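When the chains are written out, they are named A, B and C in that same order, and each has its own residue count from 1.
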């Protein structure tokens, strides 16, 4: 067996968890037979295999050391992922231009040592350029302004 | 063979001014749009389809073909520069191409990608001219059984190309397969793992998954590392490959071309495998396989050549059988039918000028791509000198727009957020996203063919080893796996001896 | 720069306010036609031809959007849920509008309740094609062959619940034969396996199948319509041998239910006009479509009649899709 690392306990755990959730979701799906496979056949077997691999990875990991999460990771994680979610929420009601502007600004805030003036200029120029490119030239079907 | 003679006639057709213009226009638009993530050739061709009404069928098809390989090439540019794979084929280009870019060698990666693509395009054009009919005969002997075996080989290839633990790569492949089956079952319409969300009824798109796992996760990693200056800390290397680079890349380009040409002919979607297969082969035969993934030029050259060759030879089933191998080819069939031309076995006799003109224009189009792109290489490479704190919000915005534009669906943006987090978690746990993405791409094909193979054989699994082509393919998979396991076994034993 | 943006924003808001005041002008922006399949199929071709002409009549862009998936249910469900303002309309084939409701539970749309029919674009027959190695050159011989080895032959279809599937089941019921059904994802891959002889037969759209028949790569045994097709008058109809076999595929345009009547009339009128343009007619007929281009009420009545007919077929042939 290959030598596995400490994080591997959690890696194995993740595989087992995902496989378990899949099996739960597939509980009512028909398996069928080998000659006439039902919709459940492939996914159920894949989930079982995933759980199996997860178990092996977790068992052979050296220790179950705690998973340390650097607190500095949280700020960009929350801001960037939150930015995407916000973009999705605001795109239709607030229009393309303002939403793109907000996303660029929010993303810039995720970095360390934010320079606000620079971020504002980049966001303004960037959203204007994106509006011209995607709405005017490529004709993506989206409102530019709030309606 | 008369194929080459006809190809010369085709060249005459392709050099007609209107066709030259169509070819150039297609290649240019394709390149520009291909660079934008999400907006792949399918979207571009759909947008431009009305334009082709005003062209005759030959010029129309030449232009659409130009967009197709232009976008293919543009996609690699985004993959190399900012780790955004807009197409399944550019996932592999990310692995070494992006690493080269980070070391200041973006120009070389882009140039070798252009040169490799050009070479592959030239060879594939000649192959199409000479071998179309016999290749089709081979491709047609592929039934669901052979495709199942081929997909399995592809998945083994994906595990082999991972850098870390084979077991964890296996887990990622299985996870990718599992995720690809979310949605409505294609045979009987049962909904699977959709959490009751209508937006998941049709499954998750490739672009969302790839953008999340590669693009968003990469931004998170870079912002997190606190390095908000330029992405390239070292100074930019000369954009042109040195003689040594070319010497390293040349054999890889040759092998990539061969692999891509062969897989592209398969109408069941073999072209998807071409870049993965080419990379896996390079890694397998390399003297230092551990260097792959750290920015080796062969890791860019081989998949790029394979990808372009496959893109080209995938025209063979479309033009000779009327059977589209992928969504782009389906669009081309549609475009031809709009012009009253039905692609099929009679096309080559009924419309020789169209058939050979299009094939000749492929070579021409590749030349134009080289002409369009080589001057841009230096410019693109310079883009990376822009401070990262300025660059990454733009990349994030491009990801969001690209993902949205695929289906015009806001839900895909929520999925992007989910896959961004997943990509981050997987990276933290030392999982590689590459095998996951290939599993995701091949999952539906594997399921479809496996089910069909079993239905046709009444559930008799022995068909996989009794049919010769399938048996050979599976044997290759087993050998590949065994070879990959061996070094690990060897290392393990060495360690044991030391202790 | 910022100021410019704010100024433009202000101007845009003012423009929008004045536009909202001038109610009643339809259309004042782009119209989308949703095609519930990938680009390149018959639905897509018809939609693009019509869109192209419509935008010249209406003075606004008409965009074709492909939303494929789940046998057309995804895109059709999207139209069902769209705002009934005439800016989102759809095209759908017979399988979606008259067959699927008999086969699938919980479809994301209900034909009666969710749609306002606009116009039946046209009809096209399917054709029964077999691989050249199959020792049968007529419908009668094929039936005899199938009877001699029950379950030994297999036919491909474009998918479970597709017209090709229903044609096959209808054929089996009327002839008392037993032929295995192998569903594919669309006509292309099914045709590929038929050409290679992995399956023996298939009911496919006439237009795509015909080039292979003419090239001698497949044998065309019979068309599914009551009359022979002008595209291939030498091929008999299945009904000439199997009494009562009548199965024509068709394609029509729909708007969401509740779309205001004047808008319905305007859209329907534009579609009919587009379909009757000589160049459109010629191109579509060459690809096997018989243009109908009728009025909303006529199309609605047609859908009801077809739905009843296919309900009967599904019941009689006992077609079930085990989910």
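Note that in this section contacts are C-beta pairs under 8 Å (C-beta built on N, C-alpha and C of every residue); 3 or more make two chains touch, one makes a residue touch a chain.
Everything numeric here is computed off the predicted structure, so don't read it as measured data.
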Specify the chain pair with the maximum number of C-beta contact pairs. A-B
Of all the chains shown, whose C-alpha centre falls nearest the centre of every protein C-alpha atom combined? B
Distance from the mean Cα position of chain C to that of chain B, given in whole angstrom: 31
Approximately how many whole Å separate the CA-defined centres of chain A and chain C? 37
Inter-chain centre distance, chain A versus chain B - centres from mean C-alpha coordinates, in Å: 22
Contacts with two or more other chains occur in chain A at residues 30, 38-39, 139, 141
Residues touching two or more other chains, restricted to chain C: which are they? 65, 322-323
Considering chain B alone, which of its residues make contact with at least two other chains? 185, 187-188, 190, 408, 455
Residues of chain B defined as touching chain C within the complex: 42, 45-46, 49-50, 53, 140-144, 183-190, 198, 201-203, 267-268, 317, 321-324, 327, 330-335, 337-340, 342-347, 407-408, 448, 452, 455-456
Interface with chain B, chain A side, in the complex: residues 1-5, 7-8, 10-11, 14-15, 18-19, 22, 25-26, 29-30, 33-43, 46-47, 49-50, 53-54, 56-57, 70, 72-73, 76-77, 80-81, 83-85, 87-88, 91-92, 100, 103-105, 107-108, 110-115, 118-119, 122-123, 126-127, 130, 134, 138-142
Going by the contact rule set out above, which residues of chain C touch chain B in the complex? 38-41, 44-45, 48-49, 52, 64-71, 73-74, 77, 103-104, 108, 154, 159-161, 180, 182-185, 188-189, 191-193, 195-196, 198-199, 207-208, 210-212, 214-215, 217, 282-283, 286-287, 321-323
Please output the residues of chain B touching chain A within their complex, sorted ascending. 33, 39, 47, 165-168, 170-171, 174-175, 177-178, 181, 185, 187-188, 190, 192-193, 195, 216, 219-220, 223-224, 226, 228, 388-390, 392-394, 396-397, 400-401, 404-405, 408, 410-411, 413-414, 416-417, 420-421, 424-425, 428-431, 446-447, 450-451, 454-455, 457-459, 461, 488, 492, 495
Which residues of chain A touch chain C in the complex? 30, 32, 38-39, 97-98, 120-121, 124-125, 128, 139, 141, 144-147
